[in-house]
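Next come two complexes, and both contain chain A; in the first it sits with chain B, in the second with chain C.
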Partner chain A sequence: MASEALREEPPVVPVGKQQPGMIEGGLDAIVIGANFDGLAAAALLGKAGLKTVLLAGGDASSEQGPREFAPGYFCADGDQLVDALDPELIAALDLYRHGLAFAARRLETVYYFSDGGALLTDGDLYRLRDAVTAMSEDDAASFAAFSEAALDAARALRPMFEGGDPPALNGALVDRFLHGSVEETLDGLFTDDHLKEMLAAEAAFRAAARPSDPYGFLSLIRRWSGEAAGLQGAIAYPEGGSAGVNKAMRRAAQASRVDFRLAVTAKRVLVEWDSVAGVETEGGGQIRAPIIVNALSAERAFAEMIGPSLIDIEFQAALTPPPPAVASARVHLALDGVPGDERTRGNLARRLVYAPSRIELRRAYAAARAGWPAGEAPPPLIMEAIFPSAFEKALAPEGGHSASALLHPVPYVPEADANYVAAVERAARAAFDKLAPGAAERIVAVDVAPPEPAAPPVLTAWTRARALAGASGVKGYFFCGPEAQIGRGFIGAAGRRVAQAAIRFSRGKAAAA
Partner chain B sequence: MKQRRQFDLVIIGADAPGLAAAACAARAHPDIAMRVAVVRTGDEPPAGAASPGVPDFVWRRLDLHLSDLKARPVEALVSIFDEERSLATYQNERRTGRELERAGADDGRLWADYAGARARAWREAEEILRGAAKGKNALLSGLGGAKGVRLGRRLTQSCAEILDDHFDSEELKTHLSSAALMPLGLAGDEPGSGLALAAASDPAAWRVTAGDRGPSLVKVLEDACAAASVAVFESPVRDIQVADEKTRIVELENGETLKAPMVMAGRAACETAARLGAAPAFSPLARREGATAEVRVKLARPATPPGEEAEAVFFAAGSREALKRARDAALEGRIPDDPPIFFRFVKDEIVVTAPYCPAVLYTEDERRDWSEQDRQALGRRIVERLGAVLNGAVKNVRRIEVKVAAREAGVGVVGAGPARLIAPPATHDEIGAAARLAMELVRGE
Partner chain C sequence: MIFPVDDPVTDDPNPTALYAAAASAASANSWTSVNGWAVARAYTSVTEEYEAALEGACVADVGAVTRYAARGREAAAMLARATTAPVEGLAVGESARGLMLDENGYVADKIEAARLGPDLYLLSSSRPHARRLQLAARGFDASIDDITGQIAALAILGAEARDIAAAAGLDAESEVLARQGRVRGVETSARPIHFGLLAGIEVIYPRDEALTLWERLRRARAPKPIGLDALEIFRIEGGAPRPGLDFAISDEAADDADKRLPDEIGLAHLAPANRAWFNGRRALVGAPRSGRALAVLALDAGEAKAGAAVYGKKGQVGRLTSAAYSPRLKRAVAFADLSIEAFGKPLEVALPGEEGKRAAAAIFETPENRLAQAFRAAQR
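Now for the complex of A and B:
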């Protein structure tokens, strides 16, 4: 297995290189941060022949295997599902050869509604209209037209979602998608409440903006622009969850001869004249290179490592976004069994989503923004649930099942305290019972992960990402931290784009010399 | 049934925006006189109320310089806070800066900076948005390049973010949020509300009142309509039918029917337009959800405005937090407990607008439309609020008239099919928006 191979590898850092005063040179590029985008950038730089060092700063969390959260029940931390994995990146690094594998592609989704209704939809968005026709004949024609326009727009807008320029597009609907709120856009197109609730749940899921806020609808288009296992808009379950994808990326980076310094932490970026010259490490040494790719947060990458004196004021304003208003909560559930009927068995291999009614969703946002007043039961939330043990048997004991659920929206708290955990558990049990009445009684253990801040509106994220990409003013400095990513889920496009820019920069320098 | 008459454009609402739009549309072509009709529905503001400001292009097109119009802008926008404290901004930016500096806060020194940046932002944004209104992906292409990054930030930034960046005084921030956002029904934390803040710097956002001697703006616009042979009908509208793609039939309560390829509302926030399901043209400034209530409180004798400033528009929001709370309450289908309001004194009436009302009400989980009881309850709550704000100056209430402009629940505005009725985009420049839309419609753009 890949993970064992990794663990056997001895720490590559000779102790002497961290000694104060030591200066190391002869490198082409330094990548700071071993998250997915950092690894991707490093792998591409290495593959392009640049002598690249990756400073992981002790951040080896992605190397962990499944965690035992209850006796015999295992879960992987982080994202379980993948809906947007930069196809160019996969192809450029041949990630499948490095161990990327999907336990399930094109997951079918079952939506559950507040009135007890349910709808099974195909994993292929292009076939979603069949399910919609079965649900609402009135909307069948308008949905067919809409889904075609939306999927076309999603594909065409992909460069923009990766942080690039907006493309030239025809069709007035696109401008509407761009600025419309989730609710007004859906009201303008459809009449069926279930259809609106289903699409509203997908658009609002993991998003900070309320469904009635402008610029919210675009998040659905952004979500539909992604592809994970070769099909636009489809959702896939990678083996080992997001950790599995990280692992493949790490192996790809190693294969392109990136020099991993797992324990070295960069403290400061050295700027000489108007260009980067290298980094100063926590230990007091220096590593010098003409290109630095930073995958840490914008705050750290610019304010701390470059320093405010070198950054212009308008740019600084882009560094500190307002604090997140709401978050999503990840919950792992251990079930000692599930009913043996055929429907349940089928559903174990599907993605289950509770789509609240409009008023429920509005109340959910209001309550989350108010911080869930003590003593009140949280209103129904959007919940996405899957059963990893259905794909990987070893994750649960014989007869049992592990479920992984993501609830949205919940209040954002920096530290999850006991009250938060108890309230989230309560909301998870309530939502789980809507997916399968009685199933909540089979829950034997619940594990609540810290809250994940919700994604800002796509346009906000896009403008911030562009400001961060373009305006630091320091030559040779490239940024692909979390703020460079637009929307939730894996993309890797930010890492790929900065690597491409850095390679161009490097070749330009070589040509000039 | 009376004779059915054919027009090129029918405009619902004979208030200042409706009349200006009608006169501009009638003169839209240099050599053909367009047949335009205006319907006075009874929803119009009372005579003597402040009208929206007139942008220059309307002024020129209607030759208003030839009229006796001596309209002058309202003196001030005034926010009233607890304990009779108040804060005002004036059309003259310098005066605002001076007054703020006199109040002693640091905010006065930053005012000029803020006002300049705000006006620049609006000029830039307006250009692109006006193109985008025509639906040619102008918004998208306007977002390209370095300029687009800035515009994109402005489109999606919140009013709260920008004000926190500039000012300290919570009351000043509340006042600026109120004046910029309440007329549009947005709250300060919404993406895009920052743009509304910039839009409020439009000179035409300042409302005007008639001078002491000259005729009112509405009167002057009525004359302009007469000169352009605009037909005026006086009757509430019963319904609008879509006969086919190019034919709308407006049925009036008095039995007359008007036929036209297009029908537009003078403004979206009036009861008739909302009831008929007006679809506003593109604007990122538009409220997304909820309704506006207009409450006319008729008194036995005229009340004295605070500070005796009869020529002001008064805002009572309380705090920025209250704006958000009210907006949240409206989303959840409740009438807010302390509704933020703005109001003007018109002779023996106080005309109050409550911009944060639910479009549909929810009792428990049951949703229902506005009933007469709901309207009366809202009216009482508003009079109560007015009494608290004006410290007992509201006495001898004779009559309370409540109108709620609520879009029917679930009626879309993005519009898959042909719209029955088009409304101008939400903006502070109501006359300009209506006139522009009317001219585009008759020119077939």
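Now for the complex of A and C:
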């Protein structure tokens, strides 16, 4: 009986967890990270017939639905809008069949200016010229020529913005798009201040480069290279917000027979000679496969999971970029009623943007880079705001509204402390009052999310993404972490590209065998 | 003081720790700058210094060689990553030669790593590589510091080098092992080295005591000081190419076509791609070859100049990269960057002076050549 009592119970292994020391094989590919690009890569690999395991490592971010940030008020963390979701990815995975849907397909945008003026623009960029003509007759012709050339250039440069080779482009205007700063390019094209402020706000929004920095204008071209709901340069609100897009992608991966291991965390990538051989898990087991796609940060994917001993020195230098100079702040606002004025009520289903004047924008960047002085009101910032509750009634209580706003530029702080939250809240209230006069009085709760680092300049991001794609020469290792993406938001092109590369690699290996 | 003592703008080279001693012995007063350090090209006469080293031994100020001290539990792993030397296999006291490659497999430098203690290594390189090495140390429990300016370094070279070193109490432990010790209270590290054809002992010790050991050595046997020009002859005869002179350092080359892989400079044996991993190894395996390689030529002439054209039957096939007159061979010897088609074929080298005058030249087999051939044979 004593021996019975001393006998160990067999260990309880949670679902999806490995027993220590267990070695699992027979797989074609392992995807590490269940973020959007990781899910996209896994879905495409599975769809190509590769036996694929996705290690989520306890990261349930893609699983999360709306979060209640104030009693009865809900918000979705992360990006609210879609402007560059990879059309090839949507088509390859038939994401619409898996639940991707848009509550608003071509969001109209209303721009507000520092002098109190406003401009309503169509959701179709090709029709933006009508609004510009109404605003400035002098610039109508030059804007028509510019928008055509810019949209053509954006379309041609799309492969580059996805991390591919830059195409050969000609023409003085295109040359200016590639090399010029935002201010320099706009000054050379237009005379109307509102038009310049509107385009400067779009170019600088979420970008680390100041409007006077060279190569800065490329960020607007990158933004216009994307498409939403099948229209270039458009912006759409997906049903369910960011969670809705993730959910569709997760369903696509499940339909592709990807094996989800939600509780398994990859600790180390096993490199045997020059090729990946699998991963070692936190539990001490091994999962072996000749292809690994890593969707975590570059630092984790290479420096931590492979280790400095097995990656080139120059490659390692590219893993750690300088700390971001500025950031964007996401703020969710709970409103206890419909904003009072007619104009705001009419704008509930639109995208609202505050476009600061040139001086305001310069001051905003200077202040964000230097850090906001404690207790002082920050200068006016670019603000993008939408009312998610206008599209999804369940996000706010009856009679109330939730607004989601992104402010840019704000100082980058690794950890948001009480001072940061208070300063961002103050800036958000001030900017929101410009978009919806009087609505600030109806704010009953404010939720400030951690700062989101601004997107590095396009060429810097492209160079880095290309370097990381080389994976320091480790065969079978493919990277689609955040640094593989050029620009911010839901894109998915990085996940699609590495999956395509991994499939080619797998077929090449099979052919060689 | 208005101006800093160490003026970063000046072109004047810095004095090495042994500069005072070298200057007092350098009656030829011929100097050059190596890595920003003043180095004597000749002390008396190049031929005299060469013959003295060949027949007995000479002493050289080697303070211009860049030195790094790597310390820490993972210092060996870090150096094994940054260089091709088999650092992790070194016993205390052992040294190993190697290369530093960039991520594309091109040669960034020649190096030598010596294990001076359980967690202490000395890295010698011909050029400074502070940034590369600091990057290499990221993620390792190790530190690496440039100690070039903190030390004095002298080399006793020649057939009698060990006897002379022993007489001064500066001998190494054995022909392969270094010795760490104290000589007259001065902490020294003496290790066996090779400089081209010459074997010898290199002694490293604190800069403040630079003259103490120089003087001790002079009193023991008074070896003749040897300058850079005489050492160059031994280097070329030994088949040791000089980075930045015989081949472009990858970090400094303006054009990728000028960069060289280890086998293209005759040092494939220092970067065996089938051994452990090192920086640039993966790229090295599949790197495209330039179709050129370094070789040492012996000329039927007493003079040759770097930059001179080398001709094959069908025209120019390369250029001399460094040249010297070898008193031992009684002819000029030179490193040449040649098209690989030119190997094994008759060659001629343009001579200085008269235009169109050429001298026959043949590839000269050096000790380094023999090592490379043995390595290639083992690879097959």
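One rule holds for everything that comes next: the second predicted complex is superposed on the first by the 491 of 513 C-alpha atoms of A that agree within 3 Å, B and C clash if a C-alpha of one lies under 4 Å from a C-alpha of the other, contacts with A are read in each partner's own complex, and residues count from 1 in each chain.
Assume a contact is a pair of C-beta atoms (placed from the backbone, for glycine too) under 8 Å apart; a residue touches a chain by one contact, two chains touch by 3 or more.
As the structure is a prediction and not an experimental result, all values here were calculated from the model.
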item	value
First, second, both or neither for A:Thr460, with chain B first and chain C second	first
Partner chain in contact with A:Lys434 - chain B first, chain C second, else both or neither	neither
Touched partner set for A:Ser309, first chain B, second chain C, both or neither	second
Touching partner for A:His179 - first (chain B), second (chain C), both, neither	first
Touching partner for A:Ala317 - first (chain B), second (chain C), both, neither	both
Chain touching more of chain A, residue-wise (chain B, chain C)	B
Interface residues of chain A shared between complexes with chain B and chain C	317
Chain A residues within the chain C interface of the complex	274, 303, 307-310, 312-317, 320, 472-474
For the chain B and chain A complex, residues of the former touching the latter	132, 135-141, 143-146, 148-149, 152-153, 155-158, 161, 165, 189-192, 282, 284, 288-289, 328, 331-333, 362, 365, 367, 410-416
Of all residues in chain A, those that touch chain B in their complex	142, 165-172, 174-176, 178-181, 183-189, 191, 209-210, 212-215, 317-318, 322, 325, 359, 362-363, 366, 369, 457, 459-460, 462-464, 466-467, 470
Contacting residues of chain C [partner chain A, same complex]	77, 80-82, 102-103, 132, 135-136, 138-140, 277, 279-280, 282-283, 285
